[in-house]
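In the part that follows, the structures are each spelled out as structure tokens.
In what follows, subunit A forms one complex with subunit B and a second complex with subunit C.
Up next is the complex of A and B:
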């Protein structure tokens, strides 16, 4: 229990630190949302000054941070200047789109990486394993940006896939299966790009973790007890190799909101990526901070989940923790 | 139980004939080089006896053990166990044979799943038999622990919390759970300190007389082999170069390799300063 409490303490500490840093840095950046209004001769300086006062941009940083924290604790993440509406609902709509993309991609990537990595570790050093290693190495060398652009080119050249967006213009007029198909068509390429960008890393980790365990004498002992190869791999070797994979899984969850920013921007997926990019360029302060805070929450949540899983899966951590 | 000469008409439990195991060692140039780990080994072990296989590291002892335990397929030659050839069986049949020939490894730290408790480790092979209830499994496991000299209070410990000697006792308990007829001890004492070695050796002797066990004792320690075995085979480069009763091997070594192994045995006299 103490282990979990300590982990929870770390998480809270991290959250406070990140929010403070995000707040400070976005404020330190020169200019603010209303600066561009000054170039417009039709808006009186008094109006701008009034707006600044209304949004407390003229108050000192610590006071603004304190106000912001107290409103966050009441479930209000601040106000977007550009959209003239509270931040949280805005973020939530985008985050949902992002999650639709990234959760599907994550499940796919893990679903491929686990069996393939195990198989690869079992045939370590043979030709198929070497080819697979070569393939993952090649994929790792290609930058995500190039990968996403490549798929965009495919979309344009083939004409079979839409080149952006989440749904077609006539989406609302479609029946339910048609809607699903339309969504799937729009998701296919961004998801492929995402899967290809994370798969090599996962695959290599699974392979390495398994390969290390497969050499252990306790597996030989278990084989000596007359246990089948399949049971040995999935019931004995995989749990023993799970620790680094659980941590990696936590990381996967942590990057659900932030990992797809690039692909989203390139493929114009209406997720958090383009939204945050716009907000940063417009200095839409609270949207940026809210976005950063949200992805930090995911990162912390992912790591916390990994800790819980580790605690549950590995008795050694439990005994260490109780000492 | 020592095998005396009038037991000669007894059926051997294990008969190995001209066993060969080679591995293909692929070089960077793509050429394949054949490495013969075991190169034409023959011997027999009678029920209740101990055969020691002694040799330097790399002499093929462990490969021999893996072949015998049905964990590696020999390249050629045959292995008869209880009168039947087990070297060419299909995987499914090999699995049932494996239970009767159990291995104990050198490194007791890595021979257990580090996440399992002592009780779980011993219970695993019992659960594999499939016919026992949970309570029966627990009782049997605790009885096994007691037989190898581990206190039942240790049942909830993890392997990492045991000493080297305790781990080796645990490994023996786990191996005995399947009631094997042959126990292969692959350098099982080598990682232990002297006094622990002696304790485990005594445990092995006790178990042998209590359960009529047959041992294949693999070691580089000629003195310990002579202490435990009825017969010693000295291996070098995959072959048995010398074989005979311990007395003969110790007193009249025939080959250079045996003399080298003998010289490596620590003797009390070495510790005494020479008289001046």
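Up next is the complex of A and C:
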């Protein structure tokens, strides 16, 4: 329990730190949301000044931060200048779409990385393993952006996949299986891009972790007892190699989240990516901070989950915690 | 800013007059009220008769932020609001002239101070509630209320005094101006008339800025435009449906609009918009770059691509002529000595290869510019303005006269030096988000190298650039662009007047810094209140000539308005004024098979 509380304390500390940094950096960036209005000949400078005052942009940073923190404590993440409405609902509808994409991609990536990595470790140094290593190395050097663009080209050339968006226009008129199919078709390319961007890293770690354990004497003994290869690998070797992999699981959530922001922009997926990008360029201060905080929250959530798994998988941590 | 507001208004009045004249001569005024029944006075639109039904899909580069016309600022919101709302008098985007809209007629008093507008009978908002003079009174009360912060409010203030509105009867309103205004009835364009029964309560509660968000239930929002709200899916799309109470018909008496639904898809970048159009997911596309236009033009089987000619966007280059403040780096103050020299600026202008810019940046789909008024603005363009070809000789002789000299290094590169022997070096800032303007800066860099000037191009993110130009004033020179929202000169008032925020080379001056800026101020203010087009045109031409003589802005080029639509879209006629393809949305229709296909 103390272990969990300590983790929770870390999370809160991290959130405060991130919010402070996000606040400072977005404010330090030159220009503000109302600058573009200056280029609009229809708007008087007095109107712009009045708006700045209304949104407290002319107040000193610490005061604005204090106001913002107090509003967050009241469950309100601030106000979007552009949308003229509270930030949280705006972020939440888009965050759901981002989560749908990243969680599916994560499950898929681990689903592929575990068996493939184990298989590769088993055949360590042989031709299939070498080919796989070569493949992952190649994938690793291709930037996410190039992957996403490549898939877009495929979508356009083949005409089989939509070139962006989350659902078709006639989505509402479809029956449930049709809806699912439509969503799947739209998700296919962004998910593939995401999975391919994170897969090489996972694969290599799984392979390395397993390869280390496979030489361990207890496994040789187990093999000598006539335990089947399959049971040996998944029942005994994998749990022994699990610790670094579980830590990697938390980390992979972060990688996928940041990767997904980019893929979303390129593939016009209606998630946090395009929304945050627009807000950053427009200096929509509280949307940017809210978005950063929400991403941090997801990241912390992922790591927390990893910690829980670790707690469950590794008896040493449990003992340490209960002391 | 008082004079500024007044100026803006007179600009609008004048341009409206001009537009009215242009319309008279170019084509018959398209809309004549016709009595359909005793209660309804509908507007009949001439032109190709279409088929009813179907759904048209277009993409928006950014999500609209609001449906509330009182607070909307961004392009996407304005585009959406444009098809959901209507104004009293409307500027036809194709003829650039005014035509009757919610007001079936108007009369201007001989002294130019009183405008009497008569509303159409039987008008209804999209929720079926009737419109009368009280709604119009309410609308202008809200726009004029300082607490509402409506960005357009300034256009209703003349010399510090607001316009006043009085109701004569349920159909008739009198607008009283404190001063005659050259723009005339053009000033009524763009003021969405609001529904009193929907908005009076939020207004009284001081919450009018918070209504009309995109998540507003469809039942709680209404306008007088051809379409009304149906559904909004955050981050994905906005679906509008036909307004059954719309007040226009075609010549056969069919009530417009033809389309059942208009869908805006949110597609976050220009290339993705092109992809969506290519794959057939959207029916129309506009705001195309020349590159994308030529890609789409290569395969025209399924769609029609149209180059509507030069729009009202003008791109220009300017030096920092602002008064140095305490914080201005000494280096910039030093360079400003060159920039303030008229001959130096004229030499730079003579050395810039505008045709190369049109060719390289716009692939030939643009026009070289020597003044602020683009060829797209047919009535206000000063035909007498010279268009000198590029001349390095002239540039060199101007620099020599101004005391500059050259020395040649051993590698054959010549360096331009001022009278004190300092080499002429400066940087040009350009928006990194606009590849066009970055390219222009690169062309200028190359052109000026031939004069021995050493120029660096510094791409900056949009808002950082604006911050430098309008606030900190820490820059040497800048490439920027602007687009007039209307053809009337008054839409650029903040560029012309020395007190204006867009007088970019030296913005928001308390007093004109130079005699020629004072003269431009005088000419511009005078044209605002002049009563005839000829008077206004003469004054405006003179102002353009002064700008050309002193070159505080070195004009470069104007891009063409490029658009495309599927062959199945009828009445597709892009205009050079915004909204380029949706200005006649009520007349757009889907030809035969397309209607069946979407059903």
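Worth a mention:
FYI, the second predicted complex is superposed on the first by the 309 of 323 C-alpha atoms of A that agree within 3 Å, B and C clash if a C-alpha of one lies under 4 Å from a C-alpha of the other, contacts with A are read in each partner's own complex, and residues count from 1 in each chain.
Operating definition for what follows: a contact is a pair of C-beta atoms (placed from the backbone, for glycine too) under 8 Å apart; a residue touches a chain by one contact, two chains touch by 3 or more.
Everything quoted here is computed from the prediction, not taken from an experiment.
Partners subunit B and subunit C, brought together by superposition on subunit A, fit side by side with no clash. By the document's definition of touching, of the two partners only subunit B reaches A:216; subunit C does not.
Once the two complexes are laid over each other on the shared chain, residue contacts for A:182 go to neither subunit B nor subunit C. The superposition-derived angle at subunit A (between subunit B and subunit C) is 160°, Cα centres, a multiple of 10. By the touch criterion defined above, A:129 lies against neither subunit B nor subunit C after alignment on the C-alpha atoms of chain A.
Once chain A of one complex is fitted onto chain A of the other, the partner contacts of A:314 are limited to subunit B, with no touch recorded for subunit C.
Of the two partner chains placed by superposition, only subunit B is touched by A:228; subunit C is not. Look at A:268: by the touch rule set out above, it reaches subunit C but stays clear of subunit B. Of the two partner chains placed around the shared chain by superposition, subunit C is the only one that A:163 touches, whereas subunit B remains out of contact. Measuring only between alpha carbons, the smallest separation of subunit B from subunit C in this overlay is 48 Å. In the three-chain superposition model, subunit A touches subunit B and subunit C at no common residue.
By the touch criterion given at the top, residues 29-32, 35-47, 50-51, 54, 82-85, 89-90, 93-94, 97, 152, 155-156, 159, 162-167, 169, 265-268, 270-271, 274-275, 277-278, 281, 283 of subunit A touch subunit C in their complex.
The touching residues of subunit A, counted against subunit B in their complex, run 216-218, 220-229, 236, 239-240, 313-316, 319. Of all residues in subunit C, only 1, 4-5, 8, 55, 57, 62-63, 65-66, 68, 71, 73-74, 146, 149, 151-155, 209-210, 213-215, 233-237, 263, 265-269, 272, 275-276, 278-279, 281, 433, 461-464, 466-468, 470, 482, 485, 491-495, 500-502, 508 touch subunit A in the complex they form.
Residue ranges of subunit B in contact with subunit A, taken from their complex: 69, 71, 91, 95-96, 98-99, 101-103, 105, 107, 110-117, 124-125, 128, 158, 160-161, 171, 174, 178.
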